[in-house]
Amino acid sequence: TQTGGKDLEHLDAPAWKESLENCVKLFRTLEEVQEDRAAERAALVGDGSDEDEVEEEDIELNEGELPDLIEEAQMLEWAGTGFGQTEAYRLQLALKDLLESQPLQSVRLFGKIFGTKSDYIIAECLFKDGEGESDAEGEAEEEGDVVDEDGSDAEGSEAEDPHAVPVPKVKPPVTVPKEQREGVNKYTYFVCSHVGDEWRRLPSVTPEQIMAARGIKKYFTGDLYADVLSHPPFPGTEAHYLRAQIARIAHACTVSPRGFFVSDEDEDDPTLSKNDEFEELNAEELLDLNNWVHHEPKILLQGRTKHFAPEEEEEEEEEPEEEEDEDDEGKIPKPKPTPTPNYLLPEEEPPLLEAVGDDEPIVEETHPAWTARLCRQLTSDYACVSVVNHKWPGACAVARGAQFANIYIGYGHKWTDTAYTPAPLPEVQEEPASKHEKADPTVEAEAEFEKKDDPEEGEEEPNSDDSEDED
Amino acid sequence: TQTGGKDLEHLDAPAWKESLENCVKLFRTLEEVQEDRAAERAALVGDGSDEDEVEEEDIELNEGELPDLIEEAQMLEWAGTGFGQTEAYRLQLALKDLLESQPLQSVRLFGKIFGTKSDYIIAECLFKDGEGESDAEGEAEEEGDVVDEDGSDAEGSEAEDPHAVPVPKVKPPVTVPKEQREGVNKYTYFVCSHVGDEWRRLPSVTPEQIMAARGIKKYFTGDLYADVLSHPPFPGTEAHYLRAQIARIAHACTVSPRGFFVSDEDEDDPTLSKNDEFEELNAEELLDLNNWVHHEPKILLQGRTKHFAPEEEEEEEEEPEEEEDEDDEGKIPKPKPTPTPNYLLPEEEPPLLEAVGDDEPIVEETHPAWTARLCRQLTSDYACVSVVNHKWPGACAVARGAQFANIYIGYGHKWTDTAYTPAPLPEVQEEPASKHEKADPTVEAEAEFEKKDDPEEGEEEPNSDDSEDED
Amino acid sequence: MDLAEFPSNLEQVGPFGFTLNPEQRAAMQASLSQLKANYKFSRVIFWGRVSGHSRDYYIAQGFDSDLLRGKRTFVSQSLTRWAQLPEVTEAQRVRCEGLAGLYTGDLSYQYVIVEEVMPWEPPKEKKERGSDDEESEEESEDEIIGDDDEDEEDEDEEDENATYRKLPKKKTKLRRHRITEEVRLAALVNSIDDDTSVVPRGAALIDQADRVSMNSHFQGLSSKEAGNLSFYLHFRPPRVVPKKTLLEKSRLNMAIDFLDRIDEDVPAGSWSIQYDGTGTTASVRSLLWPGYIAYHCPGSRRFGAIYNGNGVRNADIGFML
Amino acid sequence: MDLAEFPSNLEQVGPFGFTLNPEQRAAMQASLSQLKANYKFSRVIFWGRVSGHSRDYYIAQGFDSDLLRGKRTFVSQSLTRWAQLPEVTEAQRVRCEGLAGLYTGDLSYQYVIVEEVMPWEPPKEKKERGSDDEESEEESEDEIIGDDDEDEEDEDEEDENATYRKLPKKKTKLRRHRITEEVRLAALVNSIDDDTSVVPRGAALIDQADRVSMNSHFQGLSSKEAGNLSFYLHFRPPRVVPKKTLLEKSRLNMAIDFLDRIDEDVPAGSWSIQYDGTGTTASVRSLLWPGYIAYHCPGSRRFGAIYNGNGVRNADIGFML
C-alpha cells in the first residue's frame, strides 16, 4: 500500500528461520552437542589427512565457571533491570555454548550495548592459563569472524578505504604500551547480536583507544567492522571502540559487597581472590555505599590500570616478551614530547577495593555517583539491595546474602550533564613567520612606486591577520 | 441476547471493587497498617467504655516466621507447580497480614483446594504457646466468621435444618479422643477464597471426622457452612471435611530432605527440631527417594497420630486437662463394643522421619507413591529436585541446597485407581421376631371364621415377610 | 492457550497451579514457533500437561486454516522437540477407555489388553483386516491367543501374560491387544477435546462455506455474560445444535451459535464457573475432567484453556456433587 | 504498554533491560485496575520509568473514549498509589527545557530558575496574572526578586538563594521561578509523547466525527511492513499530515493515515528499527530519547511501547550517527 523508508537487511525469512533453528539448537542435550561437535570436526578434518583420529569419543567439552543466570536474573529483576528470566535462560545456554567451545576458565554475562542496526550481547571471559592468545590468531584465519588483535590493521584498512573521510592523523607523541592479559585486558570479550548467533571475539584494547574513546560519543551500529567517524579520529573500527567502552564500563561499574574479595597483599602486585571467610552483609549494611567496593582497578588517565612512566629516551622500550605484532605506531619516530602530555604525568594508582562511596560524584554533596536502593518495599526481610551507577546509565549491581550480580544494559555512553561538544579542532598552528613574503602592493602603492621609483619609502606594511582568517 | 444458565453470586460489580480494594490494601506500608489497625480498634472500643486507653502507639503487630514465598514460588516453578511469582507475592502479603493480626509463631502456605463455587487458599499456622485456643472463642463471637471449634455444634445445626436429608446416625461405638495442639491438630489452618479476603479459622479435627472423610469423596463447594451430604454421613459441615482432608494431605505429603530436621530422642514423645548441622544434599542425592523424609507423623487408622487404646471400661476417661468443651458424642453412652472395631486394635506408630521411599506404593514394584525429578534439563548444576506424590495428585515438594518447599494444589481428593463406590448401605437389620402380630385375616378366612365361629381352627398362618416389604 | 499470547496467559493459569519454569518457557517459545513455521499452521496452542508417573507429557496443537477440521496434536517431554500423536481408531479408542491407572511417562510403554473373542467376531475381524487398510496397522498389533498355533514369535511376552494364558483352557478364545501409551495419550486428548474445548461465545465464527475461523471482531463477553455458563461453547463439531428444533434455532445467531453450549452438557453440573477476586478473569472448570480450566477476561479478546491433570476422567462425578 | 496485555508485554521488553519484580507486578496489576475502574478509563497503559537519583518514577496513562484527546498522566513510586501529574503551561514547558541534570526522585523538589526580567515584561506578566485564571497557580510560585519589598513571606528560602540575591545590585531585575520536579516530570512526559508515541499503521482509526479509537480489525503489519519505519505513526495530534498537498493526501487512506509517519521526522535518522533474532518482534527505538522503545509482533495485534531512561533528550544526536 505504501512505500518508502528503508528496508531491513534482516527481512528475509530464511535468515530468521536459521536464527530460530540456532535458538532451538541451544536446547540440545549434552549428547546431541557432542554429536554435533563431532560432526563439525569430522567435516573440518575431512578435508585434511588423518580422518581416523577423529572419533566421537574425542569430543571433550571445555568446563569452566558459569554463574546461574536465572538466579542473577531474578535478583536483577528486583532491581528493575536484567533481561527477564526467559531471556536469561536463553543467554545462559548461549554462554554455556561459548564456554564449552573455548578454553575458558570462566564466563560472565557483561550485558548488552544497543546499536542502531543490531545490539551486542557481551560475554566477559577469562581464558585458562596459556590459552587464548594463540587461539585467536588461529581462529582469525579459520573462521574469519574474529576481529584482528591489534588496532593497527584495522586502521590500515581504514586508510585504504577510498571513501573514508580524510581525518587528520594526530598521533600522541608517546605511545603508552598496551596491558597484556592484565588490567584492561584481563578479560576477553565475546559478542553476538542475538542469542544463538556465533560469538565473535573482540580485540584487546590499547591505551590510545581508551583515551580516544573518552573524547568521542557515537552510537554503535551493530557492525564490528564499521568505521568510527569522529573527531578526534578514533584509532580503530567499531570493534575497538566497543572494546574501549566495555573496558571503561567494566572498570568503573563492576562492584561487589565489601569482603567478598580480599587482596593478597603481594607488595607491588596485589591480586584479588575470593574471601572464604566472607560474612554476608544484610540489607541494611548493603544500603551503605561504603560496603560496596570496586573489584576491578580504575583506569588511569593514560588508559591503563598500572601507571606507565616513559623513560626519558627518544625510543621507548617495547615490551619484549610478547610475541604478537606490536602496534605500528610504536615504531613511528615521535616528535619531542614537549610539554609532557597529561597522561604521562605521574598519577597515583588508586587502592584496590575502593568503596564506591568514594567515587567522584555527579554533583558534589548532593548527588553521589551511585545510589543504593532497597529492592523490596513490603516484605523486606528477604530484600535485595541494588546499587545503580548514574555516570554510566544502565550499569547496576545487586546483592543478597552471599550472592551478587553486575550488569550493564545501555547505549554504552557516559552520562554528560551538558550537551556533548566535540573537541575543538586543534588550534590553527602559528603561521610560520613570513620570511620573504611581501604584501601585494596596492594599486595606489604600485602607482606610487612607479611614480616615485625612489628608495625613500622602503618600509612594508605590517603583516595583517585578517587575510589569514579569510582563507 | 441469550438467557439461561445460572448467574454467579459474585457478579455484582461493587463486590469486586471491594475485593480489588482489599487487594490494593495489602500493599499498605507498615505505617498505614498501623494506622488502619488503630482506627479499627478505636472503632471497636468506641462502643465500649475506656476510650483513653487506646492510643496509636499501642498497636503492635505480631511478629513470627514467614518464609519467602517468592523464593518458594521460584523453586516450585521449576517443578511446574506453585502459583507463579506475582500471585505468590500477593499471597505473601496476605499471609503477612494474617501473621501480624494473630498471635502466631509461624505461618506457611499450605496450598489451595479447589471448590465448585470458590476455592480455599490455605495457611498453615502455629500459634504461640498458650495462644490460639481462647482467641478462637472470642473471635467466634466477635466476627461470626470463625467456625465453631467442635463438630457437634455443626451437627446440631444440621439436625435442626428441616431440609436436611435424614441420614441414619450411626455412632461409632467408642469415640477416640481428639488430639489437642498436637498430632493432627498441631497446626491451625486459616482459609480464604481470594487474596485480600478475610482469613477464616478452621476448626480442629476429630478422629471421627478423619475416619469418615476417608470413606467419602465429595467436591468442595467453597462454602464452609455447606452440609456434606454423603453416605456414610459425615459428622460436620464442609469446614470439618476440609479440615480433615487437609490433615490427611499434610500428614501424608509434607516432606523434607533428610537431615533437615532431627528428632530429639525424648523417649516416649520425640519431637522434631531444625538441624543446625544440616548438610545440604546435592541434586543427585535428592533424586534418591530415601533422602526425602516425612516430618509430620502418619495418621493412624483411628484418625490420630498417637495411638489411643481404650480402657476396657464402659465409660472412657475424658481428657481432663482441656478446658474447652468436649465432644458431645463423648458423653453419649455407647453400646457395648463387641467386636472391637479395627481402629481400636493396636496399631504401631511408624517412626518419625520415615523415608518417602517406604510409603505404600501405588502399584507394587513398578509405581512408588512418589517420583523424584530433576527440574532442569540442560544446566543442571543449579537444578532443583522435586518429589511429586501420586496418591494425592497436586502435592509436591521441591528442594535445592538448604531450601525446600511443600505445596498442595488440587481438588483435595486421594487418587483412586478404581471408580469410587460409596460404602454399601448397612445391612438391613434383622427384623425382630414378631411376638404378637398376626396377619390380617383374608376375606375368605374371615368369612370362614364367621361361618364356622368354632374353636376347631385356632391356628394362624405363619408370619409373612412380604407384607413388611410393601410398607 | 494461544502461542501468540503464551507468556501472558501463563500468568492467568498460575493461580490454578500450573506454571512453567524459565527453561520450559524458553524452550517452548522457540520450539512452538518452529513448529508453527514448519507446518505452516494458522494457529498453535499449548494444550496442557498430562502428568505421568516418571515424567510428564506436554501437549500442543496446530490448526490449519479451518480451525475445526485440520487439527494436529503434538507431544513433547523436553519441550524442545514435538512429535505428532497418531490417529486413533475407534477400536483403539474403546480399548483405551478400559485402561485405568496413571500414565507411566514413557510413550513406548505397552499396555496389554486381553479381550474375549466373541464367537461371531473372528470372521468379522478377518474381513476388516482385509477390507480396511487404515486399520491394518493397528490390527496387526493384536494377536489371537489361546489358539495353539502361531504364538512362536513372542515367546518373551508370554511369560508376562502367563496368568491370562491359563484361561484359554476353558476353550474361550482370548485376543491380546497391545496399546502403546502414545495411542492412549492420543485417545485421551481426543476425549478431553470432545468433552471440553471451551471458548467464549462469539470467539469463533462460521462462514457461508462452513469454514470456522477466529472472529477478529470479538471484543470479549461482558462481565455479566462471562460469569454465565451459557455463554461458553464447545469448540468441536456440534452435536446438539443440529438436533434443535427450528423454533429453537430461530433464536440463535447461526454465525456464532453453531457450537454446542456447555451448560447443555450431560450430566448437568459438570462445570464450575468462578470469577477471580478482582473480577478480571472468569474461569470455567470441568468437574468431569478435573484439571481442565478455561478462562476468559471479560471485555477483552483474551481467552484460553489448559489441561493440567493426570488423565483420569472423573467417573465418580455423580457422587461428588 | 496496554494494561490488559501487561504481563505478556513485559516479557517483550525484557531484552531491552526493563523488568519489574514480582512486588511491582503484583502492586501494579491491582493499582492500575483500580485506577481504570475509578476514572472509568477506556484504556490504561503503563508508560514507562524515569529514573531519578534516589528513586525512580513510574508513569501510567489513562485514556477516555477519544484516545487522542482525553489523556491523563499518573505517576507513582511505590506502584501502589498513582497521583495525577499537573497540566503544564507553555511558560513552564519552556523553563523545564532549560533544566539539565538527573531527576532527583523527589516530586516536591524545587528547581529555582532565575530569569532576567526584560524591561517590557513585568506589565505583561501582571496582565496575564489578571486575565488568565489557569496560569495564576503557576505564576504565584514565581517572585520578582531584586525589588526591595514583598520578600518577607519566605525568609528561609532566601538564604539558599543568597547568591542570586547579590545580582540585583546591578539594577537588573531578576525573577525567580520555582519549578517542582513534578512539573518537570509532567513536561518531560509531554515532550516524549510529542516526539514518540509510536503505533503501527492501522492500529488506530479516526471516524467521521474525528474521534480516534483503536482499530478492532487491526491484524498487525506483515513481516515486511513491520521492518519498515514508514509503517509506524506518531499517535499524537498530527502536524505534518494537515500540511500535505492534496496530491499527497490522495495516496493516503485517511481513516488510518491521519497520523504523522515517524520516518518523516526531523532530524532524519532519529529512529532505529530492528528485528529480534527470531523475527517475531520488531522494535523501533528513538535515538533522540534513548530508552524509548516501541515494539510490534508482525501478524498479531500486539504492539506497545515503553520509556526506560533518565529523562534526558539526546541533544548530541547530530554528532552521534
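Lettered A, B, C and D in written order, each chain numbered from 1.
Here is the rule we go by: contacts are C-beta pairs under 8 Å (C-beta built on N, C-alpha and C of every residue); 3 or more make two chains touch, one makes a residue touch a chain.
Note that the coordinates shown come from a computational prediction; the quantities given were computed from them, not determined experimentally.
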Note to self: Count the C-beta contact pairs for B-D and for A-D, then tell me which is higher.
What the structure shows: A-D
Item checked: Rounded Å distance, chain C centre to chain D centre (Cα mean) -> 50
Note to self: Based only on mean CA positions, could you tell me how far chain A sits from chain C in angstrom?
What the structure shows: 55
Margin query: Suppose each chain is reduced to the average of its Cα coordinates; what separation in Å results between chain A and chain D?
Written below: 33
Next item on the list: Pull out every residue in chain C that's touching 2 or more other chains.
Entry: 7, 11, 22-23, 30, 33, 78, 278
Notebook entry, point to check: When you check chain A against every other chain, which residues touch at least two of them?
Noted result: 20, 23, 27, 29, 70, 86-87, 93, 377-379
Next item on the list: Take each protein chain as a node, join two nodes whenever their chains touch, and name the resulting shape: line, ring, star, complete or other.
Entry: complete
Notebook entry, point to check: Can you name the residues of chain D that touch chain C in the complex?
Noted result: 4-9, 11, 30, 33, 216-217, 219, 278, 280, 297, 300-302
Item checked: chain B - residues contacting chain C, complex -> 1-8, 10-11, 13, 15-16, 19-20, 22-23, 76-84, 86-87, 112, 114-119, 193-197, 217-219, 362-363, 367, 371, 373, 375-379, 388, 390, 393-394, 409-411, 415-420, 422
Check: Considering the complex alone, what residue numbers of chain D touch chain A?
Finding: 10-11, 14-24, 49, 51, 53-56, 78, 100-102, 104, 201, 223-224, 227-231, 251, 253, 263, 272-279, 285, 287, 290, 309-310, 315-316, 319-321
Checklist line | Contacting residues of chain B [partner chain A, same complex] | finding: 27, 29, 66, 68, 70-71, 74, 92-93, 96, 377-379, 381-382
Next item on the list: Name, in rising order, each residue of chain C that touches chain A in their complex.
Entry: 7, 22-23, 25-27, 29-31, 33-34, 37, 78, 80
